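Input: structures, listed below.
The two complexes that follow have subunit A in common; it is paired with subunit B in the first and with subunit C in the second.
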Partner chain A sequence: MNPHAKLISSMSLIMGTSITISSNHWILAWTGLEINTLAIIPLISKSHHPRAIEAAVKYFLTQSTASALILFSSMSNAWSTGQWDITQLNHPTSCLLLTMAIAIKLGLVPFHFWFPEVLQGSSLTTALLLSTLMKLPPITLLLLTSQSLNPTLLTFLAISSALVGGWMGLNQTQTRKILAFSSISHLGWMIAIIAYNPQLTILTFALYTMMTTAVFLSLAQIKVLKLSTMLISWTKTPMLNATMMLTLLSLAGLPPLTGFMPKWLIIQELTKQEMTPTATIISMLSLLGLFFYLRLAYHSTITLPPNSSNHMKLWRTNKALSTLTAILTATSTSLLPLSPLIITMF
Partner chain B sequence: MSPLHFSFYSAFTFSSLGLAFHRTHLISALLCLESMMLSMFVPLSIWPVENQTPSFTLVPILMLAFSACEAGTGLAMLVASTRTHGSDHLHNLNLLQC
Partner chain C sequence: MTYFVIFLGICFMLGVLAVASNPSPYYGVVGLVLASVVSCGWLMSLGVSFVSLALFMIYLGGMLVVFVYSVSLAADPYPEAWGNWRVVGYGLGFVLVVCVGVVLGGFVDFWKVGVSTVDSGGASLVRLDFGGVAVFYSWGVGLFLVAGWGLLLVLFVVLELVRGLSRGAIRAV
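Right after this comes the complex of A and B.
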């Protein structure tokens, strides 16, 4: 991509995100969301492949609809309460519309249909941006309005997202689609707790971003787009494949890795709020995700030597060291003992 | 609800229903998106008149500017999808099925 266009797009992404997360007025929040949508369209469609264009079209349509719905919900709240402040969203219709609009923006069930297809049509780095950075402004808006939203609706969105994210990820062979469904189920966990303890949502989002970035960067380094490629990729970077198993299991939420921390704290908080059935159901549903993470981990790591394999081995070239991947992999597997510190920081 | 508010609500609702139920062409979806934005523009323009807050007069212009950018992007996507898929029929956008 043209360096000038890439610079403008990435700066606009950063600016749009900063505008939305630092705004108090709904119009400014909407402006930031629009800037984000406009800036990422060239990044999705940069390769001009038909799949990329189709992904960009689907992304554009869903995100524009959601932005218009957000504007409408804030305006109807302004008609009835005279307030444009984000934290003062009190009208019930506005709260419902806002919840639906943010669900469309984030890819929560039942508005998740665009997300795997858009992720599949974009490159791995753009898919990383779509899963992590583009989720930050809508989650910020949800955090700011969380006390006026309907908790039953949020719990329904959460449980169904965990269900669909786990169940539909089982039949996938493309790694980007698997990571899309993992993102949907993680978002379900984040939404489950937002009405009761929004700081846990921030914590879950930060840890999810860190772990997803580690996985995406590892996959981008070995350029693996489907499971069959992953099976033979160990010759390129054996060490990365070995640690990728730990990063994937951390995403799955297995103790003693970092990914267990948000799930543990969320289950504890739900139990304190007398929502034990919700906690049980949502933890059972994350077992579905564990299956496809295990399958990914098997393909990446259990095929390493000294297991004998009779496929044609790829040449190992000198790959550049990636410090960021190393740091993120280390933090996403070993941060659990520091949980008291991290809880106080959030 | 006053008749004015009802008309704004229904304008937006019908436009969004049109967007949700678009059947054949991508351009009809883009048109409904534009009409959603137009139905937002009119109430935003009335707000500073009704509430005597001239400082709010910039907001409908800002909103219109962003929705024009969005419309331009939508048309660019329409052209791009016509180049790659041959037409703007929505049932052609099936390369990325699960």
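Right after this comes the complex of A and C.
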């Protein structure tokens, strides 16, 4: 892609995200969201493949609809209460509209249909941006208004997202779509707790960003786009495949890895709020996700049977692994013993 | 005056209905023109005349004209107008949605029909939209720069998307 266009797009992404997360006024928040949407469109369509163009169009249409709904919700609140403060969203219709708009923005069920296809149409790095950076502004808006929103609706969105994210991911062979459904399911966990303890939502989002960045960067290093490619990728970077297994299991939420921490704390908080059925259902539903994470981990570490054990690592090596991938992999597998410290940080 | 404003509101709904019933773009743009002209009148009834003029010029005179030129490049051989059963079906569906909305929301409470002007009938010294423009260039210059960058970004994004003729994202017609 043209370096100047790439620079403008990435600078605008950072600018749009910073504007939305630091704003107190709805119009400024909306402006940041629109700048984000516009700036990532060339990044999604940069390969000029028809699937990439379709992904860019789908992304633009859904995000614009959601932005229009956010604007409508803030304006009806401003009409009835006379102020545009994000934290003072009081009109009930505005709260409902905003919840639906943020659900569309994030890709929560039942507005998740665009997300796997958009991720499949983009490159692995752009898919990483879509799953992590583009989720930050909408979650910030939801955190700022979380006290005014309907908890029953949020719980419904959360449980159905965990259900669909786990269930739909079972039949996927493309790694980007698997990670899309993993993102939907993790967002469900984040939304489940937002009405009761928003700090846990921030914690879950931060840890999810860390783990999924580690997975995306590892996949981008070995250029694995589907399961069959992952089967034979162990010869290129055996160490990376071994650590990717641990990172994937951490995403699945298995103790003693880091990914268990958010799930554990969320279940504890839900139980304290007398929401034991919700806690039970949502943890059972993440078992569905565990199956496809295990399948990915298995494919990552398998050494293919027709090859003998003498079939060693390929002698033509890739360039050295980036430090960032190493740091993120290390943190996403080993932070669980530091949970008391991490809880105090959020 | 109230009846005229209610008439403007009804015409706005009809114009939006004309667009939402999915005819061919040639015919849909008629609905857009009607909706934007009528909403300019409705904005004036609210008291914000500058915004109404800006809407007229930029939306109707700028964007809609460009839209009509773009649509004329991609014409249907058999365009679907409002006599087509599919379009009629969509139209009736949206009429039903509007009726449900009016019944549930109430004409005045939710749809704000028959309310007074934005500055409560002349309570402030300056018209609110003119004052807003003044603030936009003085105290609100940060938002001005951000909005300007957003518009410039649209230009760069569109240029990047169509760069490369037939290798670009949008096929050269």
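We adopt the following convention: the second predicted complex is superposed on the first by the 332 of 346 C-alpha atoms of A that agree within 3 Å, B and C clash if a C-alpha of one lies under 4 Å from a C-alpha of the other, contacts with A are read in each partner's own complex, and residues count from 1 in each chain.
Going forward, contacts are C-beta pairs under 8 Å (C-beta built on N, C-alpha and C of every residue); 3 or more make two chains touch, one makes a residue touch a chain.
These numbers come from a predicted model, not from an experiment.
Peer 1: Kindly classify A:19 by the partners it touches after superposition: subunit B alone (first), subunit C alone (second), both, or neither?
Peer 2: The second partner, subunit C, only.
Peer 1: Please indicate which partner A:2 is in contact with in the superposed arrangement: first for subunit B, second for subunit C, both, or neither.
Peer 2: Second partner only, subunit C.
Peer 1: Looking at A:107 after the superposition, I want to know if it touches subunit B, subunit C, both of them or none. Which is it: first, second, both, neither?
Peer 2: It touches nothing on subunit B or subunit C.
Peer 1: Going by the contact rule stated at the top, is it subunit B or subunit C that touches a larger number of residues on subunit A?
Peer 2: B
Peer 1: Under the stated touch criterion, which partner chain does A:34 make contact with: subunit B (first), subunit C (second), both, or neither?
Peer 2: The answer is both, since A:34 touches subunit B and subunit C.
Peer 1: In the superposed arrangement, which partner chain does A:198 touch: subunit B (first), subunit C (second), both, or neither?
Peer 2: After superposition on chain A, A:198 lies in contact with neither partner.
Peer 1: Contact-wise, after the overlay, does A:64 reach subunit B, subunit C, both or neither (first, second, both, neither)?
Peer 2: Touch partner of A:64: subunit B, not subunit C.
Peer 1: Answer with first, second, both or neither: which of subunit B and subunit C does A:172 touch in the superposed model?
Peer 2: Only subunit B is touched by A:172; subunit C is not.
Peer 1: Check whether A:117 is in contact with subunit B, with subunit C, with both or with neither, and answer first, second, both or neither.
Peer 2: After superposition on chain A, A:117 lies in contact with subunit B alone.
Peer 1: One more residue to check, A:262. First (subunit B), second (subunit C), both or neither?
Peer 2: In the superposition, A:262 contacts neither subunit B nor subunit C.
Peer 1: Determine where on subunit A the residues touched by subunit B overlap those touched by subunit C, and list them.
Peer 2: 27, 31, 34-35, 38, 41, 45, 48, 53, 56, 79
Peer 1: In the complex, go through subunit B and note every residue touching subunit A.
Peer 2: 5, 9, 12, 16, 19, 26, 29, 33, 36-37, 40, 43-44, 47, 51, 59, 62-63, 66, 69-70, 73-74, 77, 80-81, 83-85, 93, 95-98
Peer 1: Which residues of subunit A touch subunit B once you look at their complex with the stated criterion?
Peer 2: Within the complex, subunit A contacts subunit B at residues 27, 30-31, 34-35, 37-38, 41, 45, 48-51, 53-58, 60-61, 64-65, 68-69, 71-72, 75-76, 78-79, 82, 116-118, 120-121, 168, 171-172, 177.
Peer 1: For subunit C, which residues count as touching subunit A in their complex?
Peer 2: Touch list, subunit C to subunit A: 110, 112, 143, 146-147, 149-150, 153-154, 156-157, 160-161, 163-164, 167-169.
Peer 1: Can you tell me which positions in subunit A touch subunit C when the two form their complex?
Peer 2: Where subunit A meets subunit C, its residues are 2, 5, 8-9, 12, 15, 19, 27-28, 31, 34-35, 38-39, 41-42, 45, 48, 53, 56, 79, 93.
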